[in-house]
Each structure stands twice: as C-alpha cells, then as structure tokens.
C-alpha cells in the first residue's frame, strides 16, 4: 500500500466508525457518500479536475492525524468529526439541525460522483446546519457562520433554503486554527427561490487544509453573488457550482486569492440551463513566494438557453519566479443567441507604474504593496456594504499579509 | 399616374417586438419633396424609419405601405434597398474585418445590378468614391478601415451620407443623422444631403431638433406623437416647435385622435 | 424588381432564409479511375514490413517503424487512443482498411512524361496542373496521391540553390543522413496514439531542406489527394530550415465523396535553426461527409515545429473547412531564445462536422513570443472546440503570449467550445488569453441588407470579415481560395 492508499484506508475506517453514530435521517446520504468514497478514494492528478492539484497534503494529514485512532479498534474510539457551526442568536429561529430536519435539498445540489470530497463529507456526515430564510424576509444584518477551528478533521455541512423574495448576506468564515493539523472539508448547498437575493462570502485564511464545496441552484429572477476571499493556506480547494435554473437569474462569482506559499485552487462551474440568465466571474490571484495558484472556470450554455450572457475573467499577478499559476477558463456553448466571453492573464507588476510611484518618493516595497492592494481592492469593493463590521478586520489582515510577504521577499 | 405619390402610407399600425408603436400614420411623399418628421423621444420616429426599410422584428399590423405603387411589406430589406429606399442609420452597425471600401462596392454593385448597370471594378469605384468623399469631407483612410469599426460618431454619420451619395436612392430616410454632431459637421453633412435633392428624389428627415432643418430646409414638417402624426405644416412649424417645445403638443390639436383631421399641412393628405 | 416572396419578407427568419438555400455539392468529390496496387487490408507487423519493402527502405527505417508499431500496439492495449477531445465517433476498426494504395506506374519517374495521364488530368481538375507548360508559377508542387508521391515540380530549379524538395520516399533514398537525423526528432513515434500509427505505416509525404542562408524563391507546396476507397492516408512531412534560411510551405487536401469514413493520420515535423523562418499554411478541404454525417475523412494529425535556434520563427496558418472530424493541434516548441511561434486558424464546421483543434505553445527559451488567433465558425449541427496550451517554463524569462479565440455561431443546433490551458512557471512571463462567442449580429445583417446586399452574401461577408486576421496570413493565391471555400462551405446548411 502506498501513502495514498493507506490514507484512504484510514479515512474509510473513519467513515465506517462515524456511520455507527449517524442519525437515521442522514443515513441514506451517509451510505451513498461512503460507497462513492470507497470506490473512488482521494482524487489523483490523472483526473482532469485535479491535474494541477495533488491531494498528497490531505493524505499526509490523514496519515498523521488519524493514525492514532486507527491503531485502536476502529469504531467507538474514532473521534466524531465536528459538523456543527455556530449560528448567531438573532437567526436561531431559521436554523435547525440537519439531523432533525433532513431536508430534501441535502445532497441534491452536489453530485458526490463528481466531487470526491463531497463524497467524503457525506460519508462522515453526523449533523449540520439547515437554514430556511422565509419568503420575503430581508435579513437586517449579515448572517455570520463561524466554522469549527478545532484540531483534526472537521466536516461542516450547511443547507440553506432562501425562499422566494428573501434577501440575505451570509458569511461562511473559516477561521485560522492555531495548529496546522487541521483539515476542514465543508459542503454547502444553497437554493434560491424566485426573486431571492443573496450575497455569500467565504472568508478563508490560515494554515489548515481546506476543501470547500459550494453548490447553488437559482430559480427565476434570483440573484446570487459569491465572494471567495482566500488569504494563504497550505492547501485550499474551492469548488463553486452554480446552476441558473430559472430564466432571468443572474449571478456574480468573485474571487480573490493571495498567497505566498501553498496551493490555492479555485474551480467554478456555471450552468446556464435556462434562457436570459447572466453570469459574471472575476477571479483575481496574487501569487508570491512558492505559491501555486489554479483557476479552472467552466461556463456551460445549454441548448435553448438563448440570450445567455456570460463573462469570465481571471487576471493574475505573479510576484516571484518560484510562484506558479495554471489557468483553465472554459466555454461550452450550445446555443447561438449568446454573449459569452472569457479572459485570463498572467503577468507581473507593471514596471512603469512601479517607477511612477517610486519617482513620487515611495520606497520600492511600499510601491509594490500599493499596486498589489490596488489590484486586489476591486474585489473588496464588490462586497456588500453591510459587511462593514467584519470587513475592516479582513482588510487589515490582507494588507498586513501583502506587506509582510513583500518585505520578506525583498529581504531575501 | 405621373403625379401619384412615391410613398403612400395609409392608416399604418405597426409594432416593434411586443410594443405597439405606430397607431395610424397617414403620409404621402412625392418625388422632389423633402419631409421632416419631428417628435419627442418614444413618439415612433425611428420605428417609422425601421418599418419603411424592413427592419426585422418590426411588424405591420394593418394599413398600407406603397412605394411607387408596390406593396413594400412583401419585399425583403435588400429588395427595398435595390428599389431605391435608403436608410441612414442612427446607430450604424460595425462589421469587423470587412473594409469600408469592399462593403460599399458590394452594396453599389448589388444596386447597379438591379438597375441593369454593369458592376464597377475596384478602380472605377475608387474614383467615384473619392469624389463623393470630398463632398462629405471624409478622410481617405476611412475607406480602408473596417466598416464603422472604431469610427467616431461623426465619422459614422459621414459614412452614412457618403453611402447615400454613392447609391443615389429614390427615397432617402435620415434617422437622427444630426444627433451628436457639432455645427461644422452638421453643415458638411447637410451640404452632402442637399446635393442629392432633385426632382426625381424624395427625402424623409427624422429629427428631434429643429437645428438640422436650418441646413436641410424641408417642404413639409410633421409632428409625431404617440404613434400618430398630430400636426403638419410648412418649415415654419419646426421653428414654432423649437420655441414652444414638445410639451406644447399635449394641448395641441392632436387630441382629436384622428390624424387626418389634425394635419394642417398639404403634405400629409392629398 | 425581383420576385416578391409570397410569405412576405417580414415573416422570413434569418434561419429560414439561410436554410432554404440549396446545398452546394462538394466540388472535389470525384474519383479517378486508375489501376492501382494495394496491399491486403489489415494492420500487423507484416503490413509494416510490406510497406517498408515496397519502398525499398534501409534497415534502420524498418526498425524504427517496427518500434513505432510495437508502441502503437502497447498504446492500443492500454487504451491510449485519445478520448479527451470533445469528439464523438464510433470506434475505428484498424483492421478494416487498406494501409497502402498506389497508382500502378513505372518504378522510378524520371520526368512527368512517365506519369499516368489520368493522374495529370486529376490534378488539373483539382486546379493543380503539373505539366511543365501549365504549372503554377512561383509554386513548386509535390503531388501525393493515396499512399505515394506522383510528381514534384520545379525540382531542378530549386536544386540550383541547394534546396531539396521531393517526396519523402525519395528523401529516404537520396538524403538518408538528413532524414535519419531529423525523423521523429520533433514528434517522436511515442508521442501519441496516431503519431505511433503513422510512424509505423506512413507511406510517403514531402521533404524539404533549405540550406544555410537561402531564402526559398518560391512557395513549396504539397497537394494531398485520397482517391482509393477504404484506404487510410498516412503521410509524413519533414521540413528543415538551416540557419538564416526562410521558406513558405503550403498544403492542400481533397478526397472523393464516399459513404465510408476514411482515416487520415499525418505527422508533420518542422525544424527551424538559428534565425530560420518557416511559414506553414494549410487549406484543409477533405471530404466533410454529407448533411447527415455519412462519410467524410477523419483527420487526426500531429503537427509540431521546433524553433531550435535563436530568433527562429515558425508560423502555422490553417483554414480547416473539410473533414468529418478534425483533431489537430499544430504546435511550436520555442526552445531558442527570442524565437517566435504563431498560430492562425480558421475552422468551420457545418452539418455534422466536428473539430477539436488548437495549438500548443511551449515556451522554453528567454524572450520567446507566441501569438494565437483562432476563429471558429459553427453552423448546422457542427461542433467545435478550441483546445490550446500555453506553457511558460521556468527559464522562459520575459516570454510573452497573446491568444485570441473567437467563435461565431450560425443557428441554435451547433456548439462552440473553448478550452485553453495556461501554465505559467515564470513571473516575468506575460500571458493573455481572450475569447468570445457570439452569433452574427442582427444589426449587422440588417445593415448589409439595407444596402442591397443579399442575406447570403451578407453572411459570407461577415464571416470572411470575422476571419480576416487569419486569412491575411495566407499567401495571396491561397487566401482567395480560402475565402471562396468559406463561402461555399457555409452555403446550404447555415442555420
């Protein structure tokens, strides 16, 4: 058995142990996930979806963090992965444990065969959060979901039903755990009813391994905006899939990742299934040090989805020779009355602009930091204003991260 | 039939997509005449131009539209063009990769073929184009650029008038050709248009402002409001409108709802 | 006045109008009735040995073929026949075709007088007269008919400048040291499934060698013709440009209309040394199959150029209007510092045609530069994908790439897809990729029609305009042909 196979065996033993505690309402989902994970295991780079992202760090984590429980008899002693996230008091009336409500939406939006880590999440499923935002309700403040930051494996599962006409800003916050021995494998499913509006912010920072699946289905005339903000991390993989399943639906998919090491992989897929839908994607990457960035974005326009309007853009800044970026924007168009475009670029900071700033008295580092912040700033500007209380903290972290990394690089 | 109108519009109702825009237009235009159609935004001016030229998506619901005695509705846009109807577009499309020179020659030769004339070869065409370009003071390099691509607003309008001069239509419709032009450009374009005036030709000038009509002096002015001609008169009507604004129309005779009663000028009804 | 249509022009949709146009026949669909010799159907080591023996090849080449064949079998066993492309076709039975078919002729041709007049007539019909007095001025032609080269014009004139231009078989006989040195050096037989197949069974092709400092005074061209039924064509082209030399090479291809699919699996290798320049243009017009997708050529081709020398340049221009299926990615390996790679492509898929085409630009040297301009047009049930890779290696300091991929859709049953891969391992490199997908604008169409241009001509004009950046890269005569071809290929089933 090689490392990966051993890790898979450990994870599977974990799943089987967890199964003994699975509440009856979630058993079907758990069984399905377990079967797929048993058959497919951890994805390898031979898979097109994973060609730039080796999951070796996940295998390493499993080998070191789960091995202890493996040495004991598998079963009762295996720690149950933490699937619960905190919901602020103001929103408790909308929240129920998944184990109690077991909504039909659970597992309906993420295909576990396509997403190996969604399969693993299901296989470890013990509970989760079910949120139902009532029709027409407008949330007065952002709904902030703080995901667990405990050591070991966490397995959050969130299902959100935004009923027609509701409006919400949701923040899914992955805090930086103190220790590196952390692997968070989150799956979130969101359904937007007709005319519903939602901003979904993923705040990711820190030093744990993170795999995040977010799947969204939009009904007629709904609007969804995602903001994936990632600050570093040894291994971050985001899979965002959006289905525009009602005519007139629109979405924005914004992403910013800044890294000076590690692997940051953003995968998006937007499916124009119905006519007159609009999608906008803007993912920006700033990569320094030994960071590796990956972007793969797929836009699909189905037959009959006329007047689809899709734009996708992936500009990247490479700050160091040892950094690497792989980008794979894709258009798959099966209707003719469409406006679709995509673009991707990779380059370094503009020498002219640097010189200009320096000629105005800025030091080289300060000038670089200013340009990087300018490049990144657009993504922060796109955030909903109601994020006010949360954002300054993140912006400050972002600034600090850029400045310290640039200073460290310059010092070398 | 010698003095029967070149264009006869009778009780024309038309829609653009879902919206009913023209609600009973009556208008006669004879060879040699210049008619101006004025009216506030949304009154149906551009729809009328589109219906005359056969713009796809514009549908005649009822009424008659005769050009030289023939039913226009039965003709494809290119057939109308070959019959001598020319529309100077308010927003002409650009065609990347196709040079203006190539486009204009293809257009002219298609129309010459209809007239039973030999096609012009590249050299002869260039010679002709040069003369006409001088008339609208159009820089030569615009001929080797892609059709309307990256043209300024003024260049596009010049290009439209240049095409009109080349194609020598029987009926030329100018759709807001003055919009976005400064006075100098307006003067040059008006010169070009006036050069085309003559006994065999008619002009339909669509404009929001009276300004253009100082340069292209019309024989008749019609005011369009909510899809009907509510007022017709001579060139002085344009000045009156300029002074009083379109708001004045709300209490103007148009309220009778029947455009024929409301038309005061001789041009609208024979 | 032209006849008024009974339904009324208003009611006619763009789609209906274009669809109602009569389908133009494929102009090159005739067959030549000529006595031919073939080796038996099927693929085995024996087939490989037979082909090699027919061509009286040296031992080293036979061994190379056999190694390639072994690799092919291995790949077949391991399931390495490519499936990643967005193409659909039934499995190919590699045993159910002829691998060698040649018109019967004298073993060695000394002049065109020895060429079967029927063959000369065939090429004349294709617009490629080969006879001394009629031949195209300024273009030297190597005519490949099924599995063999039947004639090469202007050979003597070219030889005066030291330029070698001949069939591949002749090159093996006359210039074995050159062939041996470069064969498989850009596309090794193990490169991919079809390259392995080609390396095992290739029967002929063209060879060009431009000596140091020589600028080839005329266009070199190969005209490929498939004639025999149930026969695959596997040719190989090798062009070597010594330092400071320059050459422009064209290829054209046609095939008869047949109900069965025919396989064409070619390999093209280009080598450009210091400051050499190779321009390679293709107008691919293999039989595309009928409206229902019966018949047509499977065009599975590996084309690659190595810019080995400093400031060398390789430029690919292709106009792909034919074939039932096109699978090709003419690529550049930019090894020499400051070398330049270009890819200009127009691909048109109509009816049931499918194309998965694009390029790879592998930047290895510093200050290398590549440009990709791809224009895809899909009509009818046509499906096409742009698939491209731009890779900036760690040593590709200041390397630059610009890619522009535009797709035009005519009708709501076709598809256009874009799959670029951008891999950057060097922070000083710049990569820019842009792609758009759209249909012909209704405003554009109405504008043209208001100026008296028929809808059909307007569509053709707009499509040609859309492709202009690519067409202008073609040598003059080819550009005109390509432009006509686009018009003809669109006629009939655009909808």
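Note that the chains are named A, B and C in the order they appear, and that numbering of residues resets to 1 at the start of each chain.
The rule is simple: a contact is a pair of C-beta atoms (placed from the backbone, for glycine too) under 8 Å apart; a residue touches a chain by one contact, two chains touch by 3 or more.
Only a predicted model underlies this, so the values are computations on that prediction, with no experimental measurement involved.
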Closest chain to global C-alpha mean, per-chain Cα centroids:
C
Greatest separation from chain C - chain, by CA centre
B
Chain centres from averaged Cα atoms put chain A and chain B apart, in whole Å, by 56
Counting only Cα atoms for the centres, state how far chain B is from chain C in Å.
49
Let me have the rounded angstrom distance from the C-alpha centre of chain A over to the C-alpha centre of chain C, please.
43
Spell out the part of chain B that touches chain C in their complex, as residue ranges.
53-60, 70-71, 73-83, 86-87, 89, 91-98, 102-103, 106-107, 110-111, 114, 146, 163, 167
List the residues on chain C that touch chain B in their complex, please.
1-2, 4-5, 8-10, 12-14, 441-455, 457, 461-462, 464-469
Help me check something: in the complex, which residues belonging to chain C touch chain A?
84, 392, 394, 407, 409-439
In the complex of these two chains, what residues of chain A are touching chain C?
48, 303-304, 306, 316, 318-321, 323-348
